[in-house]
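A, B, C and D are the chain letters, set down in written order, and residue numbers restart from 1 in every chain.
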Amino acid sequence: MIRFNCDYSEGAHPRVLEKLIHTNLEQTPGYGQDIFCRQAADLIKSLCQTPHAEVHFLCGGTQTNLTVIAAMLRPYQTVISPDSGHINVHETGAIEATGHRILTAPSTNGKITAAQINQLCKEHWQDDNPEFAPQPRLVYLSFPTEFGTLYSKQELLAIRRACDENKLYLFIDGARLGYGLSSPQNDVTLPDLAALCDAFYIGGTKLGALLGEAVVIPNEKIQKDFRYFVKQKGAMLAKGRVLGIQFLALLENDLYFQLGAHANRLALQIRQACEQVGLQIAYDSHTNQQFIILPNPLLKQLEETYAFAHIKPLEHNQMLIRICTSWATREEDVAQFIQDLQRLTV
Amino acid sequence: MIRFNCDYSEGAHPRVLEKLIHTNLEQTPGYGQDIFCRQAADLIKSLCQTPHAEVHFLCGGTQTNLTVIAAMLRPYQTVISPDSGHINVHETGAIEATGHRILTAPSTNGKITAAQINQLCKEHWQDDNPEFAPQPRLVYLSFPTEFGTLYSKQELLAIRRACDENKLYLFIDGARLGYGLSSPQNDVTLPDLAALCDAFYIGGTKLGALLGEAVVIPNEKIQKDFRYFVKQKGAMLAKGRVLGIQFLALLENDLYFQLGAHANRLALQIRQACEQVGLQIAYDSHTNQQFIILPNPLLKQLEETYAFAHIKPLEHNQMLIRICTSWATREEDVAQFIQDLQRLTV
Amino acid sequence: MIRFNCDYSEGAHPRVLEKLIHTNLEQTPGYGQDIFCRQAADLIKSLCQTPHAEVHFLCGGTQTNLTVIAAMLRPYQTVISPDSGHINVHETGAIEATGHRILTAPSTNGKITAAQINQLCKEHWQDDNPEFAPQPRLVYLSFPTEFGTLYSKQELLAIRRACDENKLYLFIDGARLGYGLSSPQNDVTLPDLAALCDAFYIGGTKLGALLGEAVVIPNEKIQKDFRYFVKQKGAMLAKGRVLGIQFLALLENDLYFQLGAHANRLALQIRQACEQVGLQIAYDSHTNQQFIILPNPLLKQLEETYAFAHIKPLEHNQMLIRICTSWATREEDVAQFIQDLQRLTV
Amino acid sequence: MIRFNCDYSEGAHPRVLEKLIHTNLEQTPGYGQDIFCRQAADLIKSLCQTPHAEVHFLCGGTQTNLTVIAAMLRPYQTVISPDSGHINVHETGAIEATGHRILTAPSTNGKITAAQINQLCKEHWQDDNPEFAPQPRLVYLSFPTEFGTLYSKQELLAIRRACDENKLYLFIDGARLGYGLSSPQNDVTLPDLAALCDAFYIGGTKLGALLGEAVVIPNEKIQKDFRYFVKQKGAMLAKGRVLGIQFLALLENDLYFQLGAHANRLALQIRQACEQVGLQIAYDSHTNQQFIILPNPLLKQLEETYAFAHIKPLEHNQMLIRICTSWATREEDVAQFIQDLQRLTV
């Protein structure tokens, strides 16, 4: 069985493991205050061109989202999110469990617009009793989105302006950031993100690490006392070095972006092959996740060899599936898949 | 600098790393539903002689405590803990952040008694308005305690009886369980714990893993829907295998307990040496943590070479410190420390 | 200015005040354990034909909703609500502040159907990882709805069946229950509600009391320890008698329902007059709230004399407004309003 | 049976009821935005000599405490309280339910000192990892305390200095404020409190109102968005006027303080009588609550006629009880009690 269902089917990129081994017996202080975390943070700040940012290393996406969002909101405030946002669909109400409603806007291709943000804020503040609804204070986006799509730099600039006009923070979920930044379609850079966001993160779990997300916080207000949040949410590892070491391995020598580009290239081969045999592409993704509509009989045949994620049963005996590549995807597996697809759709 | 300040100064035991490397490119499902987690869970259930228990793998102590305790309590219920309990002194109010008060009892040598538990429950239920205070529902203990001490089997049996009489769950924090179970002073077994507790955990982070705690849940009521809690608290790793693999490595061939015994043996050498030079031992610990009272001038001299944890400044220019050994502590470092101690205290 | 904007513009019905005065100097125990609360509870249980129910008296709607819902859910569970439900639109995220997501279904005329409930549950349980989303456990409805409309007995029976099939509690918000039960269009009785619901409440604040909601809990599981919830949420009055006395006054001699019928009759006069002058009625309400679409120039003229609630600006220079009558609305004010309306729309 | 067990055994002072009746049919906006609330707020600001304060009216003590404290803390922060503080002993963990630990200091006569506050803060900030414990941010006191005792102006000034030095807010629970301010022993004024506190409240429920606490907020940071908190916690009455009207009645013509003085005078008669017959007074209270130690046989005899609050069973067959007077206590009942006491202790 060849797994295309997600981008976390394997362990870590070999260079990550090597660095863990190489540093294994060095003694360091705990809780992220070791030399490796410091070096990784410095490297990230340098890549982001934000010397005054703070960098914290957390374990996974849900944990990072709930910790950062809790740090950004007062109890009566709400976070604006695309309805397809990860916090709204795959986190078991983790945000609500910290006391906050998610205010959703309908997404198009996984994205929302500055105009939608402005509209939600206008509705809140124009009410006779604004205090009868949670107060918008934060915009949450993913880059790439849940559907693999990308915000353009122009779209993000417009969203930042909407945030400024409405006194909103901007927080970007970068669980798959490396795939986004290395997409051929992308025009956004790490320094752009650091300049636009109050906080964002560089995802490791889904791009070569065993686990780990690097949270970058340019905004000083959110920096303050952030470690209290991390500790209280159970997100501070005693051996914080485990995260710092991995990010050092990934970000040295551009490995992280090379791995992203590798996965994107293979994903786009798959997309092209699907298009060529007449399958419908659900979202215009140029990153490692491709959402394809398959007739169920074809799906069944392919699933004898390949694993996909089932997203949604559709009319006319079809299924919306997700095909993922990753840093670990092998060229030959993709080639074989394309061959099988072509054979079965003749 | 030789670090004796904690038991998480290094990475992982080499066999743990080896297993991570060896399995690295195998593809598995995510979120703890892989073959390694299943094998590790089966092994643990077998070691505990509890075929009907459930086993879940989480990342660290605070995370595990807050997740299990949240799963055991209704919103108006409280957890009884020694005042020195980890949840009460080192977790930034993580339990309160899930909405629950901690009801503390003064500890002796880090331990509380069945009689104290009975008394707290009696006080609650005899009040004219019991509903004016949180309702006791759970006892939280650590084994070994924060001070390295151990509950005897008889003490735990008495506590279990107190729990039964007062309809309380019993949850044991085993962040350092391996050190406890392999102590020469110990008379409790894994099957004992599984029979006595509604839930407990086998700590990996502080005993040879990069990170990881294995939660064992014999009580079916707590098993139900536990994965919802894990996910909602941000405690479910996409690559859950990272935890399963490590526990497999640690628990195969008794490694976990051998490492614990190693650390205990060296800690007891240190304790003996301290006693011999006339230093006061604060708690009667037979595990890897030793709490010693040092005159500040001696402390200063030793700290040129060794790192300790400062617990509390004391009268008469003294300091209560903690000295930890671990699976990674080297015989020669302990020998050198003892030599230096003897030299400096002549 | 004559206020039609809500049903809580005045104090309390005179008989309520009289009973407060009459009992004022009697000494009673506090916290709802007085003779008046007991008598009111007995009367309510008798009217509901549920001798085994429990009755608790709380202060207001948001408080009651958040307390009951918190008592019904575990931390990972969610409440299904119409998107127009009060908990979703007018309570500042009070439910989320207790840790729970609201799972909304699009409402029609303020109502949702059994089929929608079934569908939401099906979607949850058919997911490969149901634990990645909050688990549905409760249905919240209002009777009458936020738009003044009513569920028929048949609709409620179907919803109860959907709840049973999906292991959901049913909780009905009766902030305006008296208006609903006394509507000419209604076919539901208090005993019906008590038989169908796990909990519901009889609203006092909006129907003749200074403040107060009487929560009826037929389900024993929800009864257990409910006073802990009430106290913890700050919802237990020291002088609980204030609520019991008012409900005694309202429910003795059918006053509550007579007042509801009075308000409904006047509201339907207003509705008929609006229809006759060609205004559009937004929802088919046969209770004390009427939602009317007014051209802004007409609205402006009427607002020289009358206050309405602005619900939503509409296209074509129109406004959706709410007109409320209450137990306190005077016949002559309604007659004058109708006359003015007719005069201004000739 | 004559009830001395608490100060909320009756309804409201007649002048409060009269004003409710007198204003009953006036139409006002809801949610505390009516003319009566505005007038009451203005009167309170005038009495406090704080024109820039905000005043909000809530229902009861627990509700007020949890709302104000939630508004003052970030999620990782803690409130310092005497261990005997109401929030710590009689509120079912309401503060913890909003996510915050209470950091208790042992009280003497119900009071804590500036030195204790300084010490707790010092301990927090001197820790190597302050972020491992909740951060002190607020001091909660009661005036009078739970034991009827009073802070002197000098004590409060010292506490305010400690707050300033440690960046702490000061919040005073005035559930029985009127009894405190009108005590013969008191040297603190309303303007003093308004100058010293970031927020405090003037209790109505226990001093002449049916229900109601007037929160005074001099600190602008806490004023901001406070109504969101009130609404979210279910603490905003639709008929907010019910509270404003009552405070108007109580505070016009000094009634509130006259009623407090009346209760204090009778309580001190009881205290004196108890002392004269040789009973031990547990706390040096000069307000309406007296804590007396009674031999159980005497208690049993007195309880044939009088109700007391049982605080704690003591050694030697004794009981600590509380005797309360109130605005409603009758001279003749106190005289009879004293006579009976003298007769039974001859």
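Some points to look at:
The rule we apply is simple: a contact is a pair of C-beta atoms (placed from the backbone, for glycine too) under 8 Å apart; a residue touches a chain by one contact, two chains touch by 3 or more.
Owing to the predicted nature of the structure, the values given are computational and were not obtained by experimental measurement.
Between subunit A and subunit D, the least number of touch steps comes to 1.
Across C-D and B-D, it is C-D that has more C-beta pairs touching.
Using the mean of the Cα atoms as each chain's centre, the chain most removed from subunit D is A. For the pair subunit B and subunit D, the distance between C-alpha centroids works out to 42 Å. If you average the CA atoms of subunit B and of subunit C, the two centres end up 50 Å from each other.
Averaged C-alpha coordinates put the centre of subunit C at 33 Å from the centre of subunit D. Contact of a single residue of subunit C with at least two other chains is seen at positions 75-76, 91-93, 97-99, 131-132, 134, 228, 231-232.
Touching subunit C in their complex are the following residues of subunit D: 1-3, 5-6, 8-12, 14, 17, 20-21, 23-30, 59-67, 91-94, 97, 205-206, 210-211, 228, 231-239, 241-242, 328.
Residue ranges on subunit D touching subunit B, taken from their complex, read 75-76, 78, 89-93, 96-102, 128, 131-134, 310. Residues 31, 70, 74-76, 98-99, 129, 131-132, 134-135, 225, 227-232 of subunit A are the ones that touch subunit D when the two sit in their complex.
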